[in-house]
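What follows is a pair of complexes built around subunit A, which joins subunit B in one and subunit C in the other.
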Partner chain A sequence: MERARGNSAKTGDSLAKMPQKIKNLSAVFNPSSIAVIGASREPNKIGHVIVKNFIDGGFGGKVYPINPNAEEILGLKSYKSVLDIREKVDCAVIAVPAAAVPEVLEECGKKGVKAVVLITGGFSEVGKMEEEKRVAAIANKYGIALIGPNCMGVLTPASRVDSVFLPIYKLGRPRVGGISFISQSGAVGGCIVDLAARAGIGMSKFVSYGNAAVIDECDLLEYFASDKETQIIVVYLEGVRDGRRFLEIAKKITRKKPVVVLKAGRSAAGAEAARSHTGSLSGASEAYKAAFRQAEVIEAATLEQLFDFAKIFDQVLPCGKRIGIITNGGGMGVLATDSIEDEGLALADISGEASQALRLTLPPYANVRNPLDIIGDADSHRYEVALNAFLKEENVDVILLIILFQTVAIDSSVVNIAIRASDTQKKPIIAVCTGGEYTEMHKRILESYGVPTYASPSSAMRAISRFVKYAEHYSKYNNTACPAPIKKQK
Partner chain B sequence: MERARGNSAKTGDSLAKMPQKIKNLSAVFNPSSIAVIGASREPNKIGHVIVKNFIDGGFGGKVYPINPNAEEILGLKSYKSVLDIREKVDCAVIAVPAAAVPEVLEECGKKGVKAVVLITGGFSEVGKMEEEKRVAAIANKYGIALIGPNCMGVLTPASRVDSVFLPIYKLGRPRVGGISFISQSGAVGGCIVDLAARAGIGMSKFVSYGNAAVIDECDLLEYFASDKETQIIVVYLEGVRDGRRFLEIAKKITRKKPVVVLKAGRSAAGAEAARSHTGSLSGASEAYKAAFRQAEVIEAATLEQLFDFAKIFDQVLPCGKRIGIITNGGGMGVLATDSIEDEGLALADISGEASQALRLTLPPYANVRNPLDIIGDADSHRYEVALNAFLKEENVDVILLIILFQTVAIDSSVVNIAIRASDTQKKPIIAVCTGGEYTEMHKRILESYGVPTYASPSSAMRAISRFVKYAEHYSKYNNTACPAPIKKQK
Partner chain C sequence: MIDFPLLSKYGLIVVPSIMAKEAHGAIKAAAEMGFPVAMKIVSPDALHKSDRGGVILDVQSASEAENAFRTLMDRFRNSKVEGVLVQKMAGKGAIELIIGGKRDSQFGQLIMLGMGGIFVEVYKDVTFRVCPITKDDALGMISELRSSPILEGARGRKPIDKAALVGALLSVSSLLLKEDPAEFDINPLMADEKGCVAVDMRMLR
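Moving on to the complex of A and B:
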């Protein structure tokens, strides 16, 4: 569930100043009408699955199947060509064989279609450079924002746009949220979307941009910079077409929105593998690292980190790096304390007001210190007392809330307490829950309500360190009271 | 499911030469009769849950509830004291108030009870040193192997011994497997057991040893060294009582069985937190690191690593560090290749026989190289061809099998193929599967049949590097043909 947080966005340049093709990207993500070119009556065909996804997913706009040999597909009138449709068509999803692409794309141009998602493969990724150039030339002639070719599609959970042609039982679709995710690899992108769906993490947009014949990673960054529903930009990259432009855009964006990047092809052998995968020239790893640092981009080293770093921004930005730890398992507190040192954070001093309040309420066998071990027999009420004390304590900038759901005294009500505390938006609250089925269920509820939840103290603390560093950067460029929510809703 | 692997064990010293209390540990893990002292008729009491766990869990031996005020508990005749039982009692689980412990323990000694799991807290962890010494003295007088006090209990999945007093719906119980897990912290231990249960990972024994008044981590290590059902020893430690003894025992064990250790309290603040948690003197982090290195103990830095490193030993030991990567998602291959460099492993050269076999079978648009991208339209058959080629290829020591379950062409049959290939025991096969519900389901099947499965190429490769290093160490001390299974069954 997405909750309103603070005021309207003032991020990035306004769309009005941007090139036509970037402006037209809004028709990719929020079209009011869509044509599926290559729509099919056969259930195992991509052109069938895409039409079905739009219908079943509850897309609010019009859907026009295009197939020269069908009258009707899935109960919708079918057309021979987009040119036969009387009404306006904002976006076309194309899934016809490669040889037929130029003709149907030309028709899209004539029809005034603003955006195209070209699923079809068989272009530059198999060495057909000329064919890809021809496609790009047609799109550019008409100012069409073309995603692809050779891509996996686009998702906008809020408007139910879903051209990802993989079955929903295999690849889950996430709830509406603030993360927009740009992926050069369809496979890596799909994994992350699927993970997000299961974990309860929200997304604003997902786009697998494939061969990037027209719209590339920089265009997408520019678009998401000014997209009000996008609060966090996540990127999986193998190579960047225009390094200088990427650096400039990223530098501008990170003053307003966090950008998390996983760059694959860092090693020599990895770069070689990337070249054979997407034809990307991965370039020198050190050059990328330096550019990311300069642009204040948050670099993830692994898939887990990409995920861990992105979701933390659901919380208000921290005012500092002093961590207060609450736990019902002493050992987890020890591990969290080790990680504080590993990540260059600080253990908050809670000797003041919080300490007194806690001493009055906690059982006498609980030590009032940080990490605050509220002991294995802690119930929800004890968590509430501890959370309130830490929310008030001036020395605590970030609250790490460790909940072991295995104990007898804990039940689901602790989840409500954590969510209510997070909703006050006074301080970031980051949860750690480690365990099996029962724990997983509660983790998902926490994530669904915007409380980032980690499987270990170390992974939480690593994300917190990026969060704290970004908050410092953000506050340099924004006159906001501290703590500031990045999440700014329409 | 546990499958027989190779010959009988010849690990560690024989039990016969060990002190009585260590010999008596077998009565903790495999008793033929058990008394629950402090058994209760009230469902919310620990003494009730423990009796219920033994009955519901299908424990094959006799269970004697002890409660001076009850005639019958959960359908079993109840006794006033262990001394009233005519038959032999191997083990007693004690969950009476701290003040009553010395008396019931003395009775256990008189009765000839060999082992005691003392759940009761309120001893040295709250400063009651003298009370704990008294308990230890009674146990030592009778040679009782006493676990605890202040512990969470013991699990032996094979014999259905289950004195962990937490509800099964909150803390799952793992299948039978080769991992024995020693945890100083009940909470951390419980999390790991719960995670293992959900992930499909097997355990031989779990023991939360609490204050270690009698049996400490070194005694447990010695016992597991000679325990035939234990193939891998996993330890969560905050402090070690006798560092020299630990080092000596560990050095001896690692020649036969891998030992994975997570040492908490590494940082100064973490050590301080550990002191307040279990009263442990964590000692200098560097001293521990050096000792672990010297003993060839595999050190985990995080909870995730503890888990990741332990489960990889379900596979046969590798003959070298040359990795062959099979993937149906190019991006995942690039990430895996980066990780090979990060972890000091090598990308196998597959230009020989494997390459020719693959070129004949794979579609023309698949590049025959390493990482081997069998493309997003790969079905189970294509995985089988690739696996067989890599099993035959002399240059491949370890197979990294990346399966993205999100694609249209993949179904559950690929799981059978992976398990069959793993069952040949020709080479270690390590899987990577990243995704949501559908993927999770298949991950659990793979794990249940002994194919270690990771959520990312980087976490897999990190575990493989420890696996390769341990294999080198193992082969120095064992005259086994390569690849060698560590898993040696009764």
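Moving on to the complex of A and C:
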């Protein structure tokens, strides 16, 4: 189902006003031709895996392997230099030894390559500052959008761009979605992408930006702010280069798109403690926290929360914080109610219209109140009745749908009911499914249709509280009818 | 040492304070501003003046003021002493707050609001923002403190003058940006229903 488009695309800063290197990022994510410099015939070499991933992933553009000693790699004609290619090359992925990088990068510049993903390590991360400066200078001379060095690559699931040098069978690739994920760490980024793929969470782009010699986190934020396919920006950060610029850019973006950040390295900052009260009460992490708050950036404390918080934005934004709970297990309803209080949310009053409708249709032994326990013998139909009543009830802003798949009466059709209710886009629907393999299977289906699922009421409610708070912020800057769709789903 | 002209320049209200070099000067100052007063030793050697008995609170009369002056001078007879600062005591119900600042290598000046008092390091009830702050940021800081209900008037107290506290935060924000100190504290800032008054401060350039 085509979702209404948020006004994010229209209000985004146009790319035209941005510096050349940021404009050229579109060649990183959506190139029509790509050169792999350092392509290899050896199956266990990075330069081999990258070419293979482009081919196996179904990349629609041209792929040019570059290797001075090969005629052919994986069935593709190989070139000695990027300068030997007659057609234009939008993007080059470089995986040659560090010493050879300046030369091949210079050739990319001469060829008119707009973007480079520099996988090669051995620069500032091992103290080779001058070498990195030299690489940056070459890229800047030609206006090349250079990602890296020392990075893990880039993914664009929609156009099958895949320069991540890890084999597809080892690291799953996520479906197409609205989340663009920026990671300072390649390792953390890779694990998260793998987990997202397994959980059925969709992604628009993934970029591991490594040492950020040319393109840094702020450049990527600016690019994603104006990128139509990006509805949610997720960032794994260890530090920013320019705190003030980050704050200013983030402030602007969060008026249009949610930004979820995990800032690592919180404790190391404690060492900075100084003599005065203010000094001893603050560390660098306080500065980040303060900046995130001011920019309305959603801060995640753990890797799990990073995507717990991000994926909820697949749903329409809520109009308020009143939660209606539907459950086939009484205890889960109680846990959810506790979490509502912990997170500063409110339990919706359903004593009006909804309860009348429900009394007529639910079995007489069902207690019609919120949380609404539709009893352990509930089947899909009973879920449908409850969902319809809550969708109509104006006191309910967010529906928490607890489905325990372990019961006899529940089958897979409840998933369709939930997805259909979500597709009405009347209210956000958040699912809680706790359980093993059978449950996980259904969670994946729900996720892949944009219904966020959580393993516990508390983790769901934590995400909902961020969602509700962001919705308030968003509505201040966007004149949209309530609930506002932030996301355009393809 | 409190820099009155600096704080006043940014619109902060400073507690009435007069420096006395001699006992009769202290008595005169106290009588002028009205009892009770606080008397504090002013010495470049006495950083932690309260730990060394350099602060006498709740001085009620001229004779108490005279005694206090002599006691302070006696306690610090081996230190370099500039005089005794006589300050009007804040009202009984006033709450001790801290407004601080700090230069951060990434974000520049940060402003802090926290509950003051002797347990400040235990409770660590503080919140930060990057300068400059807006009125909404200031209101956000106040409501974020765990002790916020106390400021709002818990247990029959009168709520503090929130507009005055917002004003003080905005003033400190502009002070921090202009002066760019390494560290800065107004501690305590006494807040009650009538307003916010800076009682002491320190600044590290």
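By definition in this document, the second predicted complex is superposed on the first by the 463 of 490 C-alpha atoms of A that agree within 3 Å, B and C clash if a C-alpha of one lies under 4 Å from a C-alpha of the other, contacts with A are read in each partner's own complex, and residues count from 1 in each chain.
Assume a residue touches a chain if its C-beta (ideal position, glycine included) is under 8 Å from a C-beta of that chain, and two chains touch if they have at least 3 such contacts.
Treat the numbers as computed from the prediction; the structure is a model and nothing was measured.
K.L.:
After lining up the shared chain so the two structures overlap, which partner does A:Ala287 touch, if you call subunit B first and subunit C second: first, second, both or neither?
P.N.:
After superposing on A, A:Ala287 lies in contact with subunit C but is clear of subunit B.
K.L.:
Between subunit B (first) and subunit C (second), which, if any, makes contact with A:Asn140: first, second, both or neither?
P.N.:
It touches nothing on subunit B or subunit C.
K.L.:
Thinking of the overlay built on chain A, is A:Gln425 touched by subunit B (first), by subunit C (second), by both, or by neither?
P.N.:
In the superposed model, A:Gln425 contacts neither subunit B nor subunit C.
K.L.:
First (subunit B), second (subunit C), both or neither: which does A:Asp342 touch?
P.N.:
first
K.L.:
Who wins on subunit A residues touched, subunit B or subunit C?
P.N.:
If we count touched residues of subunit A for both partners, the winner is B.
K.L.:
Taking the superposition on A as described, I'd like to know which of subunit B and subunit C A:Val240 touches: first, second, both or neither.
P.N.:
second
K.L.:
Looking at the overlay, what does A:Asn388 touch: subunit B (first), subunit C (second), both, or neither?
P.N.:
In the superposition, A:Asn388 contacts neither subunit B nor subunit C.
K.L.:
Which of the two partners, first being subunit B and second being subunit C, lies in contact with A:Thr480: first, second, both, or neither?
P.N.:
neither
K.L.:
Residue overlap on subunit A between the subunit B contact set and the subunit C contact set?
P.N.:
274, 276-278
K.L.:
Can you tell me which positions in subunit C touch subunit A when the two form their complex?
P.N.:
These residues of subunit C touch subunit A: 98, 100-102, 104-108, 110, 112, 114, 120-121, 124, 126-130, 133, 137, 140, 183-185, 187, 202, 204.
K.L.:
Give the list of subunit B residues in touch with subunit A in this complex.
P.N.:
44, 126, 165-167, 169-172, 183-188, 190-192, 194-195, 197-199, 236, 238, 264-270, 272-274, 276-278, 301-304, 328-335, 337-338, 340-342, 347, 365, 367, 369, 371, 373, 376, 404-408, 410, 434-440, 455-459
K.L.:
Any idea which subunit A residues touch subunit C in the complex?
P.N.:
Where subunit A meets subunit C, its residues are 239-240, 242-244, 247, 274-282, 284, 286-291, 293-294.
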